[in-house]
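In what comes next, chain A is part of two complexes: it sits with chain B in the first one and with chain C in the second one.
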Partner chain A sequence: MTAPRLELKGVTKRYPGVVANNNVDLTVMPGEIHALLGENGAGKSTLVKFIYGVQRADAGWMKWEGREVEIPNPKAARDLGIGMVFQHFSLFDAMTVEENIALGISAELAKGDLNSRIKEISASYGLLLDPDRYVHTLSVGERQRIEVVRCLLQSPKLLIMDEPTSVLTPQEVEELFKTLRRLSGEGVSILYISHKLQEIKELCHTATIMRMGEVVDDCDPAEETARSMAEMMMGKNLVSPERPEGIETGAPQLVVRNLDMESSDHHGVDLHGISFEVRSGEILGIAGIAGNGQTELMDVLSGEVLVDDDDSIIIGDKTVGGAGPVERRAAGMSFVPEERLGHGAVAEMTLWENAFLSGATRKDLLKSGFIQINKSSKYASEIVEQFKVKTPGVLNAANSLSGGNLQKFIFGREILQDPSVIVVLQPTWGVDAGSAAAIRQSLLDLAADGAAVLVISQDLEELFEVADRIAVICEGRLSKSWPPDEITVDEIGLLMAGIEVDPAGAAHDSEAGGHAA
Partner chain B sequence: MPEWFIPFLLSVVTASTPFVFAGIGELVVEKSGVLNLGVEGMMIVGAVSAFAVGVTTGSGALAVLTGAFAGAAMALIFGVLTLYLLSNQVATGLALTLFGLGLSALMGHGMVGKTFAGLPHLEFPLLEQIPVIGPLIGTLLLGHDVLVYFSVVLMIAVGWFLNKSRAGMVLRAVGENHNAAHSIGYPVNLVRLLAVLFGGAMAGLGGAYLSLVHTPLWVENMTAGRGWIALALVVFASWRPARVFVGAYLFGGLTIMQLHAQGLGIEIPPQVLAMAPYLATILVLVIISRDSALIRLNAPACLGKSFHATG
Partner chain C sequence: MLLRLENRGEISRAMVYASPFIAVVLTLIAGVFLFAILGVNPVDAILSFFVTPISTLDGFAELFVKGTPLVLIGVGLSFGFQANVWNIGAEGQLTVGALAGGGLALLFFESESLFLLPAMVIAGTLGGMAWAAIPAFLKTRYNTNEILTSLMLVYVALLLLSYLIHGPWKDPEGQNFPESRLFPDAGILPVMIETTRMHAGWLFALAAVATGWILIARHIIGFQIRVTGMAPMAASFAGFKEKKIIWITLLMSGGAAGLAGMIEVSGPIQQIVPNISPGYGFTAIIVAFLGRLHPVGVLFAGLLMALTYLGGENAQIEMNLPNAVTGVFQGMLLFFLLAADVLIKYRVKFGGAKTSSTAAAGEAG
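For the complex of A and B:
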């Protein structure tokens, strides 16, 4: 038998208040695609950060191709032939794609005509990238591609991918998998972290399952179902979201009419004549490939970017096109943006401060201009409890939470404010199966309680599960909308790619869809 | 051409050169994400040390080196305090300025009244005899001391370093997103320390130029706020070396005009001219702030934030 490429033994890592990894053993063989599964906060990222030399472990050792090694920093890891795609991007906004890639590879590799090599590799793997663009102009999906391309350029022996597909489109995922299988065939080992269990089944040869920092099980994904793997991770049964019966849709709560917006950034997407309405009790899903105007739509809906025509956005009976986020919140709107750190939450601030920031008015957390700390902390604790956020306490900073846990927190914060309209962008990005089900359930419940819900997501499975109507956004234009039983996933996929299709059932709400491209 | 014209221009050059040094040094520091408000303090300690060595040894080269070294030594204190002991950058920078002013007064106590011969200039007697253009080329273009030429080289070199070299890219990366730079594996605080030391050396050099060339004698508090102007200059120039250079000459010209205006009997209150650099900086800030893309691309996103690696 060949020697394992990587062998971990007894790895333990403690953070204040948590044991993130407890005595973890892991063996990865050459050419093996090895999945690392676990709920949010199980310690997956912590473990791979140890392998990549970003963090030290408190105990345990590592063998690389049979030799015991110490990896003090990422450079040493890269020298051994380890590449990593980070969960939270390690990118520099004010620099170009090329510079970002050059920074992540060794100096020798960065020499010469990097620009054309990037184009080459991104074309051959179907990960389109323009090396000269600035990162801050790119969508999250495009940013993910930078990380992937950066790794591929290094021709590594072990590729660690921490949730690389969470924001890729189905086609992009397919392309990536082709690449990964090819690499695996060439003998490259891949350590693959994802919450998309269907993908794991398709791609991985073996899986290690972690819970609360410990390895609890191994399995062969091909022989399991997504459900059984989710249950192994959770240690209990998975409850799928259920659509409450007999909901009456009421008056339109969110009406958008002929919304045009020119993006301030010339690489951004302009919005053209977007019109739709969401009634109370209804969930409208908007599908689309990242970078087709979703972020811009979110920005105008949340009031971060104002539009000249005040009547183009109506919440309840208020026209708010020219009103900022605070006024829109006051009008009953809540939003969950795409970027958790920096947009959805202030990374360095504590959880209760983050809860206060968005809930100040509607949760009445201010008293004659003073912050009511106790009340705010109680509100934050309520979020932590109800949405099962894993954290030692609300005094912890937002950036100490694992990715999925922070998402749950932000989500809970908005939902507990009883919004009459809620707009969410990629609600379950990076959230584990159990929590994703819980988040979807809470969206359904919110609608059942009479809220108007708008879900903008790339995850078609998710949209089909929760939405009452689905529309597609492509290049800044919104299509008509169809109930999920009148359109297929394939048809939506084509629409997302900008190809005209005419599903049998036309939009029920002809007015809302009247401005299709 | 009035006869005062060439001396006027020459004095603009000497007045501007300290701004170029201190400004470009601080620019590099800020690009790495550190805000060092101690420029004034580093400058004045550079000035007094250079002057002391210059007067005692008579060697200009040694004096200049001492100035740079003294500035870097001051910066080292700042660097260790803010980067490794995680003290607040703004407060530490202010303290450094106060400390430098006091220390320089103490060090310069015995040197008040002495003078220094100045740094050697290039001279072209033959060239200068050509009428009209002779003195222009001879003195204005070729007749400066070495440090003036060095300041031009510095601007070009720093511009090249930041935009074209890998090390410069790493420095910008550290200033842009220190968490990402750390997870890719760059030693964030080491990069910052080196930048801070460089900034200190350049501020010290600017100070040395003041006490050796601009006014070759030691007067207590002789930097007279130039360090603050240099700081303003970096923002004024929206973190671009060439603009720092232009700005330095603009502000240098203003300080000289201030002197000459009084001499020529022009009725501009000196206070107005004295505040002009700051007003200009505020104005530029207002203008560039209107374009958020401009700020995003030029201002280092981690400016003034401490970095502490967990784990």
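For the complex of A and C:
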């Protein structure tokens, strides 16, 4: 019998107010693709951070290929042959892809012609990456690729991936899986964390299920359904989102007309003649491969980037093309950006401060220049309660939340402001199945209450579940939109890749609005 | 001995506050060695540097005289530093503030008006703001680096001072010394403790600490400053305007420095002289960081730095040590603070054994 590649015994890690890992045992065999499943905050990232030497555990030990080891820092982990792709990237925006990769690997590896090796690896594994581009010009999906390529360069024996696919397109995921299967065939073990249970079923040989810091079950994903695994994680039944009946779509709330925007950065994507409208009570979904203008569109809609033509964006009856985020919020808009740490929330600030960050205007948290601390805390607690954010309290910093819980918090913060228009980018990125269902449900409810909802997402399943119409963005141009029953996933896939198709049935002109018939 | 630094994985709150104290202790220890090398009895030297100067009422009062500009400027600078706006030119803003406030006293040198002093306070503040407005304008308009522009303007301000007291503002009855005439009584800050030099300027420093504290903890301006410094993208998401923050922080720090300059000439100096400040504007940078960019921290750090000035003077008189000792101590404090700050993110590990076991495992693997 071969020795396990990795064996953990009794790993325990406490944070103030929470036990993130409680007496966790885990065994990973050579060549095994091992899934680590659990709800947001179950302790998955904490466990793998321990393995990778980022964090110490309070108790427990680890064996690597049969001998007990202590891994005090990531360098020691890399020396053993452990590579890791983090849930939140640690990249330097002002540096190129190559420089970033060079920083994260050993000095010997960084020597020689790193540039061409990056190109080689990225080509052979189908992870398109230009080593000379600056990181700040890249989409989240592309940044993810840097981390993956960085690990592959080190030819690891154990590859830890903490939600690597949450922002990849189906095609990219397929490519990645090919890579992973090939690696597994070569004897590399893979520890794989994801909330996409369908992918787990497709990819993983075995799964360990965690709940509230403890291992509660093991299973063979091939023999389970996505639903049954979700229920194992939650310990209760999964409720799928339901579309409320009989919604009337009303007047257009968000109208975008002939919106052109030149990206301030020459690697960014320019927007060309974007036109659409979202009526009250309606959800418009925009599909597209990351890096096709989604972030730019989000920036323009949120007012972080202004356009010259004031008329090109209308909220309700106000033209706001030249108005900043504060005015747009006052006019009834809310936003959930893609990056949660550093964009949607300030990592080092407390939850109540982060609640204040975007809620100041609409929640009336500011009184003659002074922050209403009590009121802000109450608002934050309300978010935590209603959206089931796992945290000991609103005095905790945003970066103490698990990824999915922070997403729920940001989401709740925007929804509780009763927006008449809400724009969300990748709303369920990294959110567990139960919470994703809850978030989608709250989008549906929000629309039912008369809000206009715009969901920009790569997750087609999600768009088909919530959207009344789906459009596709590709290279900064927006297609027409179709109701989900008039277009197929494959057709959308082609549109996303920039191939013209004319879906069967009457194509709805984007100006024509919803299917209120 | 093997010492290793190990990433804590999270920042240590305790270390954030402990690190200034560690820095002070290390500075003292290094000071002992330094004095020993200079051939003086370290205990005597440390006593004469840190204790004797404040053992009398006069000396104690002097602590606040020197502390006033340091605290005032330190509080102002800490706002900008939190927002990553690096005003390095407080010394220049101090000088222009002194010229603006003092100029008013010279203009009305026969005045007995109660309004002269308040007018000087305002003029001093505005003078400092005006000087800081130059880097603010250049940065927001042409994206120049404020570190360079604010620093270069220090020298311009010092030359302006030099020109004025060698020329138009020279005391007509001053036997050609490059000094202005003495300010009228109405232009002099009242003394707070009789027989000492401690003047009402200290109240401004305290007020700055209190206002600064409220601003940073409770006010939207402070919030915007903190968010801008910690996460610029989140600031833009919230709709905070970067240019506004640059203007506000530069004007605040410039105004505080200008006021400090006016207080120096109106309080302890009472005329305009070639050397208004022994580098308060630069030392305040250390004060701001030693005080963890927090107004209350700055208060204590400012007094500590004031003590190094007094100690330097005293050691010079009592022990015949060079005046440079002051600068050495201030430099060491900053140096040790930066070093101790590493402990916020990392912990020190003593341990050859563990390293080698990992290394061995690494070879085996």
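Quick note on the criterion: the second predicted complex is superposed on the first by the 507 of 517 C-alpha atoms of A that agree within 3 Å, B and C clash if a C-alpha of one lies under 4 Å from a C-alpha of the other, contacts with A are read in each partner's own complex, and residues count from 1 in each chain.
Throughout what follows, a residue touches a chain if its C-beta (ideal position, glycine included) is under 8 Å from a C-beta of that chain, and two chains touch if they have at least 3 such contacts.
All figures in this text were calculated on a predicted structure; none of them were measured in a lab.
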Under the superposition described at the top, does placing chain B and chain C together on chain A give a clash or a fit? clash
Touching partner for A:E382 - first (chain B), second (chain C), both, neither: neither
Could you say whether A:E262 touches chain B, chain C, both of them, or neither, answering first, second, both or neither? neither
Which partner does A:E175 reach: the first (chain B), the second (chain C), both, or neither? neither
Partner chain(s) touched by A:A102 [first = chain B, second = chain C, both, neither]: first
Which of the two partners, first being chain B and second being chain C, lies in contact with A:K13: first, second, both, or neither? first
Have a look at where A:V326 lands relative to chain B and chain C in the superposition and call it first, second, both or neither. second
Touch test for A:N73: chain B only (first), chain C only (second), both, or neither? both
Does the superposition put A:R56 against chain B (first), chain C (second), both, or neither? both
Of the two partners chain B and chain C, more of chain A gets touched by chain C
In chain A, both chain B and chain C touch residues 49, 54-56, 73-74
Help me check something: in the complex, which residues belonging to chain B touch chain A? 166, 169-170, 172-173, 176-177, 179-186, 292-293, 296-298, 301, 310-311
What does chain A use to touch chain B in their complex? 13, 15, 49, 53-56, 73-75, 77-78, 86, 89-95, 99, 102-104, 107, 110, 134, 136, 264-265
Listed in rising order, the residues of chain A that touch chain C in the complex are 49, 54-56, 64-65, 67, 69-74, 76, 79-81, 157, 302-304, 324-327, 329, 335, 337, 339, 342-349, 353, 356-358, 360, 366, 369-371, 373
Given the complex, residues on chain C that touch chain A span 4, 6-7, 9-10, 218-221, 223, 226-227, 230-231, 233-234, 236-239, 241, 349, 354-355, 357-359, 361-362, 364-365
